[in-house]
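Chain nomenclature is as follows: A, B, C and D, assigned in order of appearance, with residue numbering initiated at 1 for each chain independently.
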């Protein structure tokens, strides 16, 4: 099966290449960017002698005719335009940006401060949270791949939200991310000397993943109230942890909550619910598609602490995108994604 | 004025030496440790040619006779024994451990899993949160220097807690610390390869600074309920951020809250309340005694986000200890502590 | 084919598991350590739900009977004893320690300050520098897997040394390594707070890889004189760079030297000679078995600068060990080792 | 005494402010940049409430009339123009760029690929290697502050070069620097995700500090031949180590060389020659003006290894600039520079 990737010069794009290059079914047919036409290893020397592909200009007709699926690893605001071009073509599209995620009118403009995508395409797009929206993904043509923070938070919150065990206005998500999430664009805040030996909070109460988290939570429990969601920049490259605090609506032991999660994720090969007393650290999923979850109920406060970690470039971007492509084409969900975490 | 330091081989102890060596009033008279008697630069080569002092065995009589104040930069469980030895001597004692902080019987055993210190000494000790307990510190002989996380959290929470603007059962403190807080003791979890490119949560709902935070909050507002307090390990050496979430009891703008904080800390030279829209990052206080605070009210949720950062070895340990010594002896609070943050 | 691994709790051992778990021919039959018998994920939580193996006590008879090859990922001084126990058994042994590398009597004692291994076994052992000793490896029963620094330096030096283009007393190797090379043993110097934002030289002119580099160089050119070899500790986890300086015996252009290297490594799938003007960085081989080499002749000095990078846990340890096992059993050299570098 | 600083938005400039703000004699009179006129804390929030200064447009007349000395913390190519403007004014100038360092015609163009400064000013400028050119600095009006790598290398090489103990064509300098040396300009190579967990060589045999090192070495020993000088980027913010290799012209013990260095630097308060067997690490001088030197003679090769470390922003830039200003005005050399290294 042939795939094209648009936006290969960003970190999400090059991670797609890492996965797809070794995928047993998908073959990288063409890679594209708005940059000049050079071999990909010019941009990423670690690919020297491995991937000989030339970055090509985007040709919508050729891509649609020759490839079965196209991944858009392009920034918000760019994807919307590309999706439009592919809308009348016979090709599946997996978009890694935020452009197709928000169904409710006005939300995209409010949080992204940009022009929204074509409303019909937004409506058509399926939110690709693989573990929970599998059936819709199977039959879709257009996938809005979830945000990195959103994936971590939603996988952590899903079981207690769906089971209605929590106070619906108590959700607080304290997110921490490595810098690869900010991509390769040049900004003072991404310089090594500014990030190293530093830790910052950013976009306080304004992060654009807030509405997609709320939208998905509401689909599970319509009485969920606005959440508090904070994002921080870690002095490291890969990985996200969300530490989530919710008030439980009754008295539950940690063991009971663990049972619920284990049951919920019984058939989810990439979600590992940690046993009692064990909490995941970010490095324990590095380079892999796992989402690891640890849980603890504090009897003093009646609050549940949920710790959820992912590699933001894998389960938070390229990994989940390929997982969705697998589902889309009826393949084994884990195909090409069995790589172990790289430790240490 | 002469000072002695016990526990100079730990990171808190050596930071005390950095400050005291350049302090205009205090002179380092003797340094002590349970380790062998060697020049301090054997243990810390960065002090070569700067500090010629020899580490000496602890002699309670000589220390008390010759020095005006002794700093205990010793671990919890060790300080309690040392304080006991100094209790009938004519010397001021500033203890950086947790041994004298918890007034309520049983709390120390519960959270530290160790034998508590002499009850009378605990009662006598003043909790050295410099900005808020200045009057008591002035007249005290024995100071329990606050914990690093506790300092960051309490300076962040004080104004709204005292003004009773918050829902008393809504306090959630998400703490993140550099590794120097764990000290120089050898453990697998402190190895570079385990901490680097990693981020961990630890002591989930069990951190020993929880009770001292609650004790101080209760002294400001007796209806405060148990808090949720989480601690995480950052892949960096120095610095703490606490991101604090509280529910406001009414509708307040960020500006109103900022006014309250600015007024509260008008005479606090080491607390910098950031202007509207500015949030502190950890490196912006590195190597200095500042506590920087940023504030934001989220109108969607009615919650206030408080961001508070300190250098855990300075305002979180040695810096505040010297600040307390300054207060104790009627000196200018800032003496010897005017060093700027080291940036970048 | 069945393999056993001894020493799975170190970083080299766990990297072997990462490779072998996905190897198409070798199957992990048993894992061993001197530590208690627990599931491997107790020690390495990132293996939770992936590798269910229990760490077992070492039983030489069972291992020899049931497995085809055993990897010793044990420290120097331990391997020598284990190899002895396997010496009369019918099993191939690949030792990752330095115990079997030094042929010349007295060298091991001098550089390792330990008792040497059985002399007969040392004689029998083949130095497993895969690219250059392939024929001997094929027919061997006992392989001394090269040191990490040695691998990087020797692959960098081989072509010009064999071609006798260099002044034989001019070799200077300036090595820099991430901390995973020091393993998981507890020492003050491996603490995060000591390594982070730091860079150290260590074992000045005393590093134990010196003699194995000289021994191999001498096998290529008997007039090589003692080398200068320095080792430094980088504030990072994985990777080695050796910057090598040699005086050329005549006037050669960079292009000519590049031609020689390209020819030398034509059939070496894991050695990537970079094109003119391109120099490898350490991250560009992270997590992979590649050794990347960059070259530059300085016309002002007549010196050649050779830049050679590897992942110390892969090509510098576990990766090369599996490469050697592949060769040993007549398999494709690259089997199970095709993983791309993880970037960024 | 009044000082002006031009180029305060770079890391060298802001480090000057850190020193000068607490200097007992020099007062920051005005700060300048080509950027917009904003308070300096807008650019550097760590200065909030500490330094209220406004960044001002450059006014040569006012600066010369009102200040006693001006520091140019501006990039190469910019300084040359500023120096020209100050050339007929009554003010001392200390330039931190490379624009005034190279006396020999053509060298600047060759290594910097830019237009050189006014030849007369170049001739007039004194190379401000404080420890060795003190007499000339005292009587100068224009100081070319040395490069960071050059300072580290030259302080390491001076004693054996002047004493003519070394083979004059054997000098190899392997330099490693933290990223703050690259300044705050935006480039892909300075992004956190590119530098972190990475180590790169750059400008192979082309670094622009090469000619100033050779020029100064030649002033000490006219038979010095072209040097080999390599530069690498460390995944850390502050600090430089140069590991220097030279062939000794006779048999000397490490002790003899140490004696020579101790004698050479007897009156140099900022150079610390480490005792036998002790080698400096970069963090041991962080935030301070020290240059620490370790030495070892390898009897196997007859080579001397010199390890020299500095903080590139202090002794490698702002610290040495203030040291030179102290000398220039007949003040104590150490004034305002007594800060200890920040450890850990």
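Operating definition for what follows: a residue touches a chain if its C-beta (ideal position, glycine included) is under 8 Å from a C-beta of that chain, and two chains touch if they have at least 3 such contacts.
Because the structure is a prediction, the values reported are computed rather than measured.
**Student:** If I rank C-D and A-C by number of C-beta contact pairs, which comes first?
**Tutor:** Taking the two pairs in turn, the one with more contacts turns out to be C-D.
**Student:** Could you work out which chain's C-alpha centre is the most distant one from the centre of subunit A?
**Tutor:** D
**Student:** Distance from the CA centroid of subunit A to that of subunit D, rounded to the nearest Å?
**Tutor:** That pair's centroid distance is 46 Å.
**Student:** From the C-alpha centre of subunit A to that of subunit C, how far is it in Å?
**Tutor:** Here the centre of subunit C sits 36 Å away from the centre of subunit A.
**Student:** Just give me the whole-number Å value for how far the CA centre of subunit C lies from that of subunit D.
**Tutor:** Comparing mean C-alpha positions, subunit D is 38 Å from subunit C.
**Student:** Pull out every residue in subunit C that's touching 2 or more other chains.
**Tutor:** 11, 180, 193-194, 196-197, 235-238, 281, 283, 286, 344
**Student:** So in the complex, the part of subunit B that touches subunit A is made up of which residues?
**Tutor:** Listed in rising order, the residues of subunit B that touch subunit A are 169, 172, 174, 176, 193-194, 196-202, 204-205, 225-228, 230, 232, 234-239, 241, 243, 245, 279, 281-283, 286, 294, 296, 298, 300-301, 303, 305, 307, 344.
**Student:** Looking at the complex, which residues from subunit C come into contact with subunit B?
**Tutor:** 11, 178-180, 184, 186-188, 190-197, 235-237
**Student:** In the complex, go through subunit A and note every residue touching subunit C.
**Tutor:** 11, 14, 18, 21-22, 44-50, 180, 196-197, 237-238, 272, 274, 278, 280-281, 283-287, 292, 338-344
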